[in-house]
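Before I ask anything, here is the structure I am working with.
Chain IDs A, B and C follow the sequence of writing; residue 1 opens each chain.
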Amino acid sequence: MLFAPQSVPALVGSQMHIPDGFLSVLVSLVFWLLSVIGVGVALWRAGQELDERKVPLMGVLGATIFAGQMLNFAVAGGTSGHLMGAAIAAILLGPWPAVLVMTSVVSIQALLFQDGGLLVLGANIFNMAIVGPFVAYGVYHTVLKLAREKPWGTFLGGFVAAWTSIVVAALVVALQLAFSGTSPANVSIPAMGLIHMLIGLGEGLITVGALAFLSATRRDLLGLAPGRTSRRKDRFVWLGGLLIAIALAVLSPLASGHPDGLEWVAEEKGFLDAAQDAPYEIIPDYVFPGLSNVQFATIVAGIVGTLIVFGVALGVAYLRRQRRTSTAYEA
Amino acid sequence: MVETDAHEVLIENLTFRYPDGHVALQGVSLQVARGERIALVGPNGAGKSTLMLHLNGILHGDGKVCVAGLDVSGASDGVLRRVRAAVGLVFQNPDDQLFSPTVFDDVAFGPLYMELPPDEVHQRVARALAWVGMEAYARRVSHHLSTGEKKRIAIATVLSMDPRLLALDEPSAGLDPRARRSLIELLSTLPQTLIISTHDLRLVQELCPRTAILDTGRLVVDGSTEGILADEALLRAHGLERP
Amino acid sequence: MHFHFLDTYRPGESVLHALDSRVKFILTVAFILAVALTPTGAWPVYVLLLALVVAAVVAAELGVTYALKRALVALPFALAALPSLFTLPGTGLFSLPIGPWTLTATQPGLQRLLSVMLKSWISMQAAVLLTATTQFPDLLVAMRSIRVPRLLVAIFGLMWRYLFVLVDEAIRLMRARDARSGSPTGRGGRTAWWRARVTGGMAGNLFLRGYERGERIYAAMAARGYDGEVRTFPLPPLDTVQVLVLIGGLFSLGVLTLLGIWVW
C-alpha cells in the first residue's frame, strides 16, 4: 500500500502491519507458535474441504486480495480508505481457505515489500490471517441467523463482519504492543481501537459493495462458504470467531485500565531490557573524562563500523576490476 | 477400450450443455487422422473452445470422444492421465498457461507430473525450449515476457510432454506481424497432428489443408480449406470473411 | 502493461547475488533476531549491526544508501511507540503542555523510543537487501528448505506469479473509474459512503476476475497432468563455500548479540 503509485495512504490509515523491532522476541515467538498451529490446521482442513482446484484458486485469490488492497477511495481531504480483505475472503471461501489466502497475502507483503517485519510475521499472520477471517466468519453467520435468511442479512452481515474483523485485529495489535512494552496499554488500546472503528467503516462498505456485485452476477459464488448447512465442524469456527471478538471487546478496556499490569509482564519477561540499568553501577561511569562509557563505546563502534563499510567497498571495487579484466581477456 | 490407430481423434455425436443451461455443442462428429492438420473456424461463441476442452477430458459431454485410441468419456484417472500426456492443449491466453514462477518450472511441470526422473525432465525441457527457439529463457520469469514469447513458451510447456496431438486455441491472437510470422513458421515445423481453432483465415490457408466450420454448436462444414475459403457465401453465412 | 514497480529484485553479479538463497534467507532472519535480542540502549551494538548491513548492501553493489532510504518507510509506525516516550518512569527531559495535561518526556522513554525506531530501521534494511539480491523463485526454494509445507509454497508461487496480472487489472479498474469521474462543474463525487460502495463493486469485480482466472489456470494445470498433489524437484545440496558463509555469518551475529546482552 505504501508503494502503490495511485494511493497515498494517510498517516492515520490502517496501521495493521507491524514492522520488526516493535514486538519483543518473546511475544514474536509466542505468536509464531500460534500462527504455525493455526495455518497448519487450515492446511489440513482446506485440504479436506477443497478439491484439486485449491492451489490455483487460493493462489489467484491471494493475488486478488493483494490487488484489491490497492483499490482506494477518497474519504476526506487527502486521506483514503483501503481494504484488508479478511472478511470478504472468509465470507466467500469459508474460514480455513480464507486463512490460507490471507496468510499468503500477509507473508508476501512482508517478504517482498517489507510491509510488516519478518520476525513479527507470526504476529501479523495471527492478526490478519487468523483472527480476521475467524471473527468475520463468526459475526457474519450470526447476523445471517438473526436475519432468518432474509436477503438483507447478507449485506448487513457482511458490513458488521468486516467492521468487527478490523477492530478486533487492531485490538490484538494493541495488546501485542503492550505486552512487548513498546506502547502502554492505556494508550495503544483506545488509540488503535478508535482509529480502526473508523477505518472499519470503509472496510464494511467495500465488503458490502463487493457482496452486492457478486450477488447480482454470480450468486453461486456466495454459496461457496460451507456453513449455511451449519456442519458441526464449522460451528467450531463460528463460535470461536464470536468468542474471540467478545473476549477482546471485554478484555481490552480492562487491559487499558491496568497498564501497570501489562508493563509488569513486559518487564518481567523482557528481562534482557530490564537488566540494562545494572551494569552502570559495576563499571565506572567513564574512562575518558567527559565521555560516559556508553558514549565512548558508541564512538569506537562507529569508527569500527565505518572501517568495515569502507573495507567492503574497497573489496567490491577490486572484484569489479577483476571481473572487467577477465572479461576483457575473453573479448 | 478400442485401440484404433487409424484415427487420432474420433468424436461421435458429442453434445454438451453448460450448468447454466446453455447448449454449447450439438451432435458434433469429427474424425482426424494421424498427422493431419485441421482448422476449426467459426464465430465467437460457436463452441470451438468448448470442443477443445473435451479432447483431454476437462469437460465431459454426451457422446463418444476417442483420442489417440483412448476413450475419454467416462475414463478412469489413469486413462485420463494418459490422454493428457497424448494431447497437448495450448490455451488462448498464455497467461493462464504459464503459471509457474520461472519458464523452466513451467516447461518442466508436465514431465514432472509424469513422474519422470529429474535428469529426463531436464532433457525434455531443454529439447522443448530448443524447438521453440527459447533456450536462453529458462531462468526468466514469465510475466516479463512479450505475448509472442509467452505463446512460444506455452507451446514448449506442452511439447515437453511429447504429445501426439496438439490442439491450439487462437494461437495468433494478439500477436504483431513479426511474432505472428515466427509463430506460423514454428507451427509448420511441428510433426504432431494439429487442430487449430482460429479466426486467422490466412494462417489457416498456410498451415491447414482441411477446415471445419463450427456455428452455434453444430459442425456445419468439413472439407478442404481451398474449397471452403473460396465460397464467400458460405463464409458470410457463418460470420466469417474471405481472407 | 507491466508494473515493474512491484519488482523488488535488482539483477546483478555481486557476491551477494551469487550466494545461495537459503543461506541469505537464514542469515537475514538471524540478523533480525540479533537486532531484536539486542537490549534497549545498547547503542554501540546497534551501530555495529547497522555497519554490518550497510557493508552487505555495499557488497551487493547496490550503493550505500539503497537500503537506508527504503527502510525509512516503516517509520510512520513509530507513532505507535511514541506514547512510551511520555509514560516510562524515569528522569524527566522536557515537558509538553497540551490543554489541561502536561506530558513529560523521560530519559528511559526516549531511549525506548529511539531503540525501537533504530531496531526497526536496521531490521528492515536486511529484509530490503534480501529481496533486492534474491529472485522470488529462489526465495520459494529457501522456504521449502526450512520445511514450509509444499502446499503453502505452491500457493505463494501462484500468488506471486499472478500478482502483477491482478494488480494490472485493479489499476485498470481504477483508471476507468477515474476517467468517468469528471464533472463539467468541477464538483461532484457524491458522498464517501457512495464512493466506498462503488469501490466495493470494483472489489467484487476483481474477485470475480480472479476466481474465473483461477478456474482457467486449473484447467491448464489439469491439461498437463496436475492431480492436486504438489510435485517438485528435489532441493540441490549446499556446497562447502555456502555452508562456510552461513556458519561464519551466524557466528558473528551470535557474538554481537551476546556482547549486547552481557554488557548491557
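Note that a contact is a pair of C-beta atoms (placed from the backbone, for glycine too) under 8 Å apart; a residue touches a chain by one contact, two chains touch by 3 or more.
Predicted model, so just to flag it, every value in this text is computed and none were measured.
Undergrad: Ranking chain pairs by contacts, what comes out on top?
TA: A-C
Undergrad: From the C-alpha centres, identify the chain that is farthest from chain A.
TA: Relative to chain A, the chain with the farthest C-alpha centre is B.
Undergrad: Starting from the mean Cα coordinates of chain B and chain C, work out the distance between those two points in Å.
TA: That gives a centre separation of 42 Å.
Undergrad: Distance between chain A and chain C based on Cα centroids, please, to the nearest Å.
TA: 12
Undergrad: How big is the gap, in whole Å, between where the Cα atoms of chain A centre and where those of chain B centre?
TA: Inter-chain centre distance comes to 44 Å.
Undergrad: What are the residues of chain B that contact at least two other chains?
TA: 99 - these are the residues of chain B that touch more than one other chain.
Undergrad: Send over the residues of chain C in touch with two or more other chains.
TA: Within chain C, the residues that touch at least two other chains are 136, 157-158, 160-162, 165, 213, 217, 221-222, 226-227.
Undergrad: Name the residues of chain A that each touch 2 or more other chains.
TA: Residues 56 of chain A touch two or more partner chains.
Undergrad: For chain B, which residues count as touching chain C in their complex?
TA: Residue list for chain B touching chain C: 53, 56, 58, 77, 81, 84-85, 87-89, 91, 93, 95-102, 105, 108-110, 112-115, 118, 121, 141-144, 157-158, 161.
Undergrad: In their shared complex, at which residues does chain A touch chain C?
TA: Checking each residue of chain A against chain C gives 2-3, 5-6, 11, 15, 18-22, 24-25, 28, 39-40, 43, 47, 51-64, 66-68, 70-76, 81, 83, 88, 92, 100-101, 103-105, 107-108, 110-114, 117-119, 177, 181-184, 187-188, 191-192, 201-202, 205-214, 217-218, 221, 259, 272-273, 275-276, 279, 294, 297-298, 300-302, 304-306, 308-309, 311-313, 315-316, 319-320, 323.
Undergrad: Could you pull out which chain C residues touch chain B in their complex?
TA: It is residues 2, 135-137, 140, 157-158, 160-162, 164-165, 213, 216-217, 219-227, 231-234 of chain C that touch chain B.
Undergrad: Over in the complex, which chain C residues touch chain A? Could you list them?
TA: That would be residues 5-6, 8, 13-15, 28-29, 32-33, 35-37, 39-45, 47-48, 50-52, 54-56, 58-59, 61, 64, 70-71, 73-74, 76-77, 79-81, 83-84, 87, 112, 116-124, 127-128, 131, 136, 139, 149, 151-152, 154-163, 165-167, 169-171, 173-174, 189, 192-193, 195-211, 213-215, 217-218, 221-222, 226-228, 230, 261, 263-264 of chain C.
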